[in-house]
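The block underneath contains the structure these notes are about, expressed in structure tokens.
Chain lettering (A, B, C and D) follows the sequence in which the chains are written, and residue indices restart at 1 in each chain.
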Amino acid sequence: MRPGEGGARKMPVAILGATGTVGQRFVTLLADHPWFEIGCLTASERSAGKRYREAAPWIQSVPIPETVAAMTLQPTTPEAVAAVVADCPLVFSALDSDAADQLEAPFAAAGYLVVSNAKSHRMDRDVPLLVPEVNPEHLALLEYQSYRQGGGKGGILTNPNCSTIGLVLALKPLVDAFGVEQVHAVTLQALSGAGVPGVPSFHLIDNLVPYIGGEEEKLEVEPHKILGRYEDGVIEPHPVRVSAQCTRVPVLDGHTLCLSVKLGREVSAAAVLEAWRTFQGAPQRARLPSAPEWPVQVLDAPDAPQPRLHRDLGRGMAASVGRLRPCPLLDYRFVTLSHNTIRGAAGGAILVAELAVSQGVVR
Amino acid sequence: MRPGEGGARKMPVAILGATGTVGQRFVTLLADHPWFEIGCLTASERSAGKRYREAAPWIQSVPIPETVAAMTLQPTTPEAVAAVVADCPLVFSALDSDAADQLEAPFAAAGYLVVSNAKSHRMDRDVPLLVPEVNPEHLALLEYQSYRQGGGKGGILTNPNCSTIGLVLALKPLVDAFGVEQVHAVTLQALSGAGVPGVPSFHLIDNLVPYIGGEEEKLEVEPHKILGRYEDGVIEPHPVRVSAQCTRVPVLDGHTLCLSVKLGREVSAAAVLEAWRTFQGAPQRARLPSAPEWPVQVLDAPDAPQPRLHRDLGRGMAASVGRLRPCPLLDYRFVTLSHNTIRGAAGGAILVAELAVSQGVVR
Amino acid sequence: MRPGEGGARKMPVAILGATGTVGQRFVTLLADHPWFEIGCLTASERSAGKRYREAAPWIQSVPIPETVAAMTLQPTTPEAVAAVVADCPLVFSALDSDAADQLEAPFAAAGYLVVSNAKSHRMDRDVPLLVPEVNPEHLALLEYQSYRQGGGKGGILTNPNCSTIGLVLALKPLVDAFGVEQVHAVTLQALSGAGVPGVPSFHLIDNLVPYIGGEEEKLEVEPHKILGRYEDGVIEPHPVRVSAQCTRVPVLDGHTLCLSVKLGREVSAAAVLEAWRTFQGAPQRARLPSAPEWPVQVLDAPDAPQPRLHRDLGRGMAASVGRLRPCPLLDYRFVTLSHNTIRGAAGGAILVAELAVSQGVVR
Amino acid sequence: MRPGEGGARKMPVAILGATGTVGQRFVTLLADHPWFEIGCLTASERSAGKRYREAAPWIQSVPIPETVAAMTLQPTTPEAVAAVVADCPLVFSALDSDAADQLEAPFAAAGYLVVSNAKSHRMDRDVPLLVPEVNPEHLALLEYQSYRQGGGKGGILTNPNCSTIGLVLALKPLVDAFGVEQVHAVTLQALSGAGVPGVPSFHLIDNLVPYIGGEEEKLEVEPHKILGRYEDGVIEPHPVRVSAQCTRVPVLDGHTLCLSVKLGREVSAAAVLEAWRTFQGAPQRARLPSAPEWPVQVLDAPDAPQPRLHRDLGRGMAASVGRLRPCPLLDYRFVTLSHNTIRGAAGGAILVAELAVSQGVVR
């Protein structure tokens, strides 16, 4: 039975690194979650011991949920979490990668299932890099983690980089239907992805920055793993070649990607649209609470998608696509958009956790 | 002898459509020009008869030049211009394309050399589409225009689309040194290119628009002509294949292009940089007043070029390039930037006029 | 019994001028309204006959409600509305004032109760200018309108200017408790208030405009009427003196007002805060569907309120106040914020309609 | 004789804290100064020893001057400066106030005349707070500083807060002509005043912040001193009462002030305009190199001044005023604008230094 349903009690969860941008999104999205309830929030040494209300530089456009505002921040250790909430099997990590490098493994070792938004373990051989509509079968990799040997209950699941998610959601239906061989991607990324304090205002008024450190590498590498074929504890990387150029633009939320793709065979534009329009995956079939009804939404307006108008489709969990047309160099060009701090971070991680619960791997 | 030099008097010029964004740039750039002096300003029926100060919705960050502010706007006809300034051989057209379709040819027929920023005649077989550093030899096409038959002095010269200019300036040194076969371009274009009123604020606060009507076509077609080979009154189009995706971003001035190119042969990055760094053309050799010393400026910072920081290099007449690196799909990727209303519009047209004067085709 | 409650059917309503910014907000807010259902949408001649989906330049961040998208736009006449929906007693006017000058009175004469967001009739002697928490008793003025003579059911109710609403909501508790004699107001207004196309982007990137035509006059005059005392069909204007300076800033939604006030007597800051914190009015007592629980929300953060963070409080229907401190010239200074297209336009008008229904004046 | 004129050599100067926003402005403005030449740049411990090019996060829209780019940053001590440039009598301080508290006095004690943009010593009894058009006679206070006792050559001169300068420039002509008793000021301040990194982008896209820590106090206090009467080493504070409310808006440069004033006597609007239009001061009479011809420029357009359009008037050294009209509460209302990092910081300090040189107090 699912937690929180049919009389079952909700599953207590912890949020590691709860005060930052992504942490705040976890708080907002989990505040009324039907399955999970926030049992513990952690923060850095500097903030531990303070109430959440005082320590978090709150920048969401909804108020801090009352129950959360008064919670006392704990240090980011398994012991501290266990002292506050006894039977919490699941922790969401909103830690930045330096902190995640150090702090996530101890939680996994202590029996927690860590669902992480950090890049630290994404490319680890035995850690699934999950987009639930795209590669739910990779979840099986969890059983191969050392944390699970000898009956352990812990482990690490990861969520891709915020710009990768929109890319693989738009690609997956094409990969399945026609194959995808080459992708040329230029991103126009929102600044919320840069965290707080993030980019100084001075740089992004009447300006853009055509560079985001480390981002192009992630966008070129992560799709190989996510789109790869899983068999017996091993993921065979998908051979797609990706060229990525990443830019930061004065937009708050919503990453826009201008894409050109070379497909595995010649197909009509109608076939491409059909592939997107009919696409659903495991989260839709399992009716997971955070799953959008249609993960890829095709927009017809000639100037869509646009970040402010379309980032909230499917409560921020859907990718939108538009402007499909032939490419003089590859096969097709189009534009895709997804919400970088919902689908591309906290919301995506929560959907991973819902998948894990629904498949019985959270013990 | 050059006008305005060595005691020679300046050449009077007219500006057609002087009240709009591009017209205002012409006014600003010509106010202290060493060769030209503004003799006449024209506007639409609605504004003709008013003083420039009253009719122009001035949006430049320098005040309207005093001498210009008091000028009375004329209707956009050769007769009206001739009535105000007798010996004016040259007119700059800042007309929008609907107006230019109707109004430029009569000026050429009446003996004026029209240097136009409108798209109306750019692709006409006998009209040069000029970037003076790139294809000065195309100027010879002027003699083949009907306006020049039988001793006529008129004619039409055109300036490319604002996003094309940065592209061809960055490509030309590579075309000359190595050949260029394919170009993948995604543009992040400033909103001043959209004119006034242009894009409503509502669309570009916390947003971008991944579509600019007609722009991708221009960017894919114009380079063929500009980079083409001229011989005996005919331009053989250059065979480069261009894929363009154009977006509008919340930047005031300065078009940024993310480019990937396939070159004619394998070369080192050092060779590419060297080609850019040593590039100069006819305007530099002829020391034209508006020519930047170096038309392509290579920037070393990892996050350059940026519109606000670099659009004014070479007084807005240089293109800047940065972030050269290999492309997993084509050969090299880089970012280029140029000022869309200076080099990409009024300033570019003035440089065309300077080239024409220096080569003796303004009679 | 209230419409839409306890088995009663919803009341059909029409929206006049449904395609603009305010019209779109009406559509969004009425799509799931518990009492009202959209029966008819009207537009200008140019758009009448088209489907709403095709004619409205939709700029909301939620999609057009499906049922509304397919509706055919009608001309803005009582006959056209009656032909589509027979028993519709209530129309919301999102017309601009030029159209409203001509088109609202015929609806009132034809027996419709018009709830208008336009300025056209706001200052008419017999038209209530309503903020339901502030002056619900002014509703009685409706009976004195010519439209109601001889048993007519029509009439006109109006909603104040978008910047007036935040002002009077913040002032009302102080007026009641201490009296208010002078108000110095500087507004920093969002650009959505300027409609579509509204302010060109060029003016509001890296800029602000310290002028909004006609706005200061409204802000100085409307409070006299709204805060005035009603007796026997006459409103005695409140004598408060208001000095207003209005500016347009690069914010999408949410008008911020920097206020200094001279009160009727000396009071402590604590008393002012208490007056705001305990303030509720007729809409709260009647539990109207659009009424916020607390119409004035006091924020404690030293840098609050801020438009993006606080404009949505009370689903966009609450005013927020912050930064209360003594003023060296008058008595107290503070900052207030309200959502200009929800509370300040469509939402405010809907609350007026709810008040009218609950008091039985919609027949 | 003035330095740099008539064959005299330029005066070498140092810039303390040269890598920040204000330091960069000093570098830009002094690069081609007719009197001064940059002899030494200092920075924090962390940056000392590096070349300026490497250590300064350059954000100006003109390139780093070549001669400066290669200079090696020194520690901020008199000894370090003296080791690099022997005969430098003048240092400009762009230090933040924490650093200035510690580091400026040692320079003054070592015989340097420090012209500081920091708030540290502004309100010291014996330190002039100078706006050269407003209170040049306060320069005499320098002789009363301890640094000057016993023949010392050092001392400290200060420049007001960036928002104060526009205020006192606009007020001074009115103070002289009519007297000013009360001022109500609401500021809309640019973000460059917040330094680098300054305000995170996240806070100022689609938002504003109605609070700037410590700013209102400065704006309420500094005018008393600047407008005060100097006699025999003492400044009698001017009794004007100022109420200030400061906000941060998404503008890069240029502080806009909405002002209401109560004058000493009843005057016509024409008289006010005349007072502004004819105002000139010591810098204009002495033809100081950085002095604008007219320090207060009256703009006639109904929507002027605007930051992007008018901040550069007088090369960023003039204040502009517009929208003069009666105030229902005080006497007159108007809007004033000045460039916060030129006139309000580096440029203002340079003008102070020019005044000091021209009056012979730099020894």
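Rule of thumb we're sticking to: a contact is a pair of C-beta atoms (placed from the backbone, for glycine too) under 8 Å apart; a residue touches a chain by one contact, two chains touch by 3 or more.
Note that the coordinates shown come from a computational prediction; the quantities given were computed from them, not determined experimentally.
Enquirer: Based on CA centres, what chain would you say lies at the far end from chain B?
Expert: C
Enquirer: More C-beta pairs touching across which pair, A-C or A-D?
Expert: Comparing A-C with A-D, the pair joined by more C-beta contacts is A-D.
Enquirer: Distance from the CA centroid of chain A to that of chain D, rounded to the nearest Å?
Expert: The answer is 48 Å.
Enquirer: Taking each chain's centre as its mean C-alpha position, how far apart are chain C and chain D in Å?
Expert: Averaging C-alpha atoms per chain gives centres 44 Å apart.
Enquirer: At what distance in angstrom does the C-alpha mean of chain C lie from that of chain A?
Expert: One centre to the other, that is 40 Å.
Enquirer: Considering chain A alone, which of its residues make contact with at least two other chains?
Expert: Residues 59, 203, 205-206, 250-252, 308-309 of chain A each touch two or more of the other chains.
Enquirer: What does chain D use to touch chain A in their complex?
Expert: Where chain D meets chain A, its residues are 21, 59, 191-192, 194, 196-206, 250-252.
Enquirer: Which residues, counting only chain C, touch chain A once they are in their complex?
Expert: On the chain C side, the touching residues are 58-63, 205-206, 308-313.
Enquirer: Sort out for me which residues of chain C touch chain D in the complex.
Expert: Where chain C meets chain D, its residues are 182, 184, 186, 188, 203, 206-211, 213, 220, 241-243, 245, 247, 249-252, 256, 258, 260, 302-309, 322-323, 327-330, 333, 335.
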